[in-house]
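The structure's right below; bear with me while I get my questions together.
A, B, C and D are the chain letters, set down in written order, and residue numbers restart from 1 in every chain.
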């Protein structure tokens, strides 16, 4: 039998966000404390350590000849232990990108007020195999001038500020 | 059940309090490598995979994303069961019986040592409206259940302490176990009360580790394995989740899961037809409560038999020869993986010093821990 | 281990710290609205399933056994009940030790199949036995806000 | 392999915020499904729960909390979870329960209450990214969709104004759906002028966050024939996950969906999907994603889906109606329940009980898919009359 308007309307009670915040309906609050310390393992451990040194390191699989970044202890396609470490460049090519007016909490950036939108991109790293990209941010470029295939270079934090993190690279900027 | 399904390969990393030198990727990769070697299969030959994970116990809000790579399941049929490992095993078996897969793999992992606020996470499983606002520790739920179980069955704290002594000693001779120790009952009875009558040593410490199990349809199993271990029966059940209306003395979920498995296996008298069991003992009293729920012992009898050594490795009905959660470590949703693994090793005669003699049928049982009323049972034969 | 290369020095081992930064507001639902608004009036509410002859406390809009709708069979239930089980808890929910322990109990309310998980007060732990009759102690009407703590605790039935 | 049929369905109204607790949402959908075919809870052998991240409803091991609302009291009950793909995977998991012979009936329940997450459920999407190499950049789900849409557009030369037609089509279709949260008569200009979220994605390109639940009842053939004279058969199932390294994939084409679709089509004996499939419910959390999935389901050649959209092929009265339900864009997106809503739409269309949404031509074979995780999950079901 058909699911009609009548059947469906009785099932849920519509609320506005304010009904809850103003206490028109009763509610209970809770903020869980969910903290973690994830073991990096040899691959990610070395990746971060080399970022601190200002290098970008990858790992090769001699079976499918991929130069993999971020490095990993096994090749997930050939399903065998990966082979030698190889340093790759801190330059690359924009595979695809975004001009984002929102942050991770779905808050809107004050673009009108002069805040630059976020421009994250998938960047294919030179030296890694074709199509092997990483997510990172673009900056020092007009958001509307970014194009597919644009050549970019990493802008590093000063050595003393680097902590061994992906954010040791502040962003990528176009290579003139 | 026309078709039969067998376990043709198992692999594990063993269970330790911490595994600081490997990430979750390498941990599962090792277990999978060993399991596929044990079964004599390549990932290419595996038709379907089932991963087991709970988001908050991995630190992702969609942990399922990070399951295919380390199992060699990229662009292959894989999905995640957010439940206990035995439910994943049941899922893998159902895929084989449905004809969708000949060889299927079930995987589970614990990185409990990476969870810095584990107690907060278990609290986060409580009912947010009627229970969590009290802000009480999840161990209060276990304390209240232990109190009711002792009250209803006449089991004593000393008998629960004897479970701890037995399991932690068994763990000393189980190379896979992480928390073996030789102690006597006083250690347990005098350990600090956490939530009466539950003392610190009544509670399993947690461990890291991974288990991968390879299942195969009957004919395939006979081709690949010299010692296939047959799944004769499997069952799982969830009782009411509410604290207010549940049965606090009995593990009804374990009884119903057991009955489902016994029916499938054609077992009428479990105590006679089953030789040994790996039972969930996240808290000491749970081993006794589960044994009685599974009709292996009558009400109040499990504690007595344990006191007299009946459930020791040398006893009439060995329970947790591996050391159980108390000896191996609580692995959360991997607990079922540990019990299945140990029963398979025993039935294949590969349990080393703890090896039981002339056994044909074993039972593996698991429970999803506080505050759940969900458990599963699998019955295996060689 | 199935890896070609492993950490050989304990100082090489590293980890990455992080968290899941979420917070929540839970509506108490249709059953909860009835229960907590009645709590403000100093009453405890249940929901009766006549088919299964069960009275659920806290009240819910469905019977879990037969799935009958119970929304129009709410009823007041007795504030008196029995201690079904209890514990003296020394640990906070984050796993740390409490300075002062608290007594938590499952109280089966008389004439119902449900009850409440709440505190026991005005009693010493050694005096409590399973099955002991207790009664709810409500806050003063002015202090009640429509939450679980409108009941301060349950205490032994005054002799 | 036993043949398995859908014999009953239930669906709640979708809203951005609801009063009901997750249990109550699950109950309403499950009760409606049982009533739709006059079955009692005692007739049900097993229950499967599909629900997406616990981080939305705010309860760890959410499956356990939901069990009594899903009718699983003292029954075999299991929760599956493949991210956004859960809504279409849940009936597949249910299919195993029945096709394996372990059970004759299975209740498939999907629920999501995203409004418990405060201030906004989007925050839960920060932690789907790799916690070490990606989270420090504070990414959000909209970034990864916009990244994929951009790649999809630049590869095929698709234009935003063409892709926007999906929102126009689906929100209009949703006008006839009783559960719809955001039905609307809008134009392409409305979409293009709506707030930029993350170019190339505008506000009207995205489906809303919602609270809602859905339920299907599966039965083995001999049981299904006793319950209804119009069983709808679940003849094809397929599912697949790609690698978690999403930056190593060319995002213009969903390989994972093609692999899953081939599995489902093979099982259903379908050789020419674009000819043998009469109706489709491709997963549409974003406008471009419906087209992305139409190509992945091999219902349109790669690079040709926009032209077919412009030609009206996917309209309700077109040759291949897509998302006649109104999809996630129109009806709403309570993640797991959204995927099941689309399967329920096929069930009703094939039974001829879709009311005002009924597509002409008496369709007899339909496909639905869901997508999820990091551009990674394809789940596909093929239904037949």
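We take it that a contact is a pair of C-beta atoms (placed from the backbone, for glycine too) under 8 Å apart; a residue touches a chain by one contact, two chains touch by 3 or more.
Given the structure is predicted, the values throughout are model-derived calculations rather than measurements.
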Query raised in the report: If you tally contacting C-beta pairs, which pair wins, A-D or A-C?
Result: A-D
Requested in this report: Compute the distance, rounded to whole Å, between the mean C-alpha positions of chain A and chain D.
Outcome: 26
**Report entry** Between chain C and chain A, distance of the C-alpha-averaged centres to the nearest whole Å
**Finding:** 41
Query raised in the report: chain B to chain D: how many Å between their CA centres?
Result: 34
Requested in this report: Measure off the straight-line distance from the CA centroid of chain C to the CA centroid of chain D, and report it in whole Å.
Outcome: 36
Query raised in the report: Which residues belonging to chain B are in contact with no fewer than two other chains?
Result: 20-22, 26, 29, 56, 59, 61, 68-69, 74, 114, 116-117, 120-121, 123-124, 128-129, 133, 240, 242
Query raised in the report: Touching two or more other chains, which residues of chain A qualify?
Result: 13, 15, 20, 25, 28-30, 32-40, 42, 44, 48, 73-74, 76-77
**Report entry** chain C, residues touching no fewer than two other chains
**Finding:** 2-3, 6-7, 13, 15-18, 20, 22-30, 32-33, 64, 94, 147
Requested in this report: Classify the chain contact graph as line, ring, star, complete or other.
Outcome: complete
Report summary line: Note: in the complex, chain B contacts chain A through residues 19-26, 29, 42-43, 56, 59, 68-70, 72, 74, 111, 113-117, 120-121, 123-124, 128-129, 132-133
Query raised in the report: Quick one: in the complex, what on chain B touches chain C?
Result: 13, 20-22, 26, 29-30, 33-34, 56, 59, 61, 114, 116-120, 123, 128-131, 133-140, 143-145, 147-148, 151, 192-198, 240, 242-245, 248
Query - Touching residues on chain A, where the partner in the complex is chain B - result: 28, 30, 32-44, 72-74, 76-77, 79
Requested in this report: Sort out for me which residues of chain D touch chain B in the complex.
Outcome: 1, 21, 52-55, 58-65, 67-68, 72-83, 89, 93, 95-97, 99-102, 124-128, 131, 237-245, 255-256, 259-260, 263, 267, 372-374, 376-377
Query raised in the report: Can you list the residues on chain D that touch chain A in the complex?
Result: 9-20, 25, 28-29, 32, 36, 58, 60, 115, 118-120, 122-123, 125-126, 129, 131-134, 136-140, 142-143, 146-148, 150-151, 154, 178-179, 195-199, 201, 211-212, 243, 245, 247-251, 344, 348, 353-355
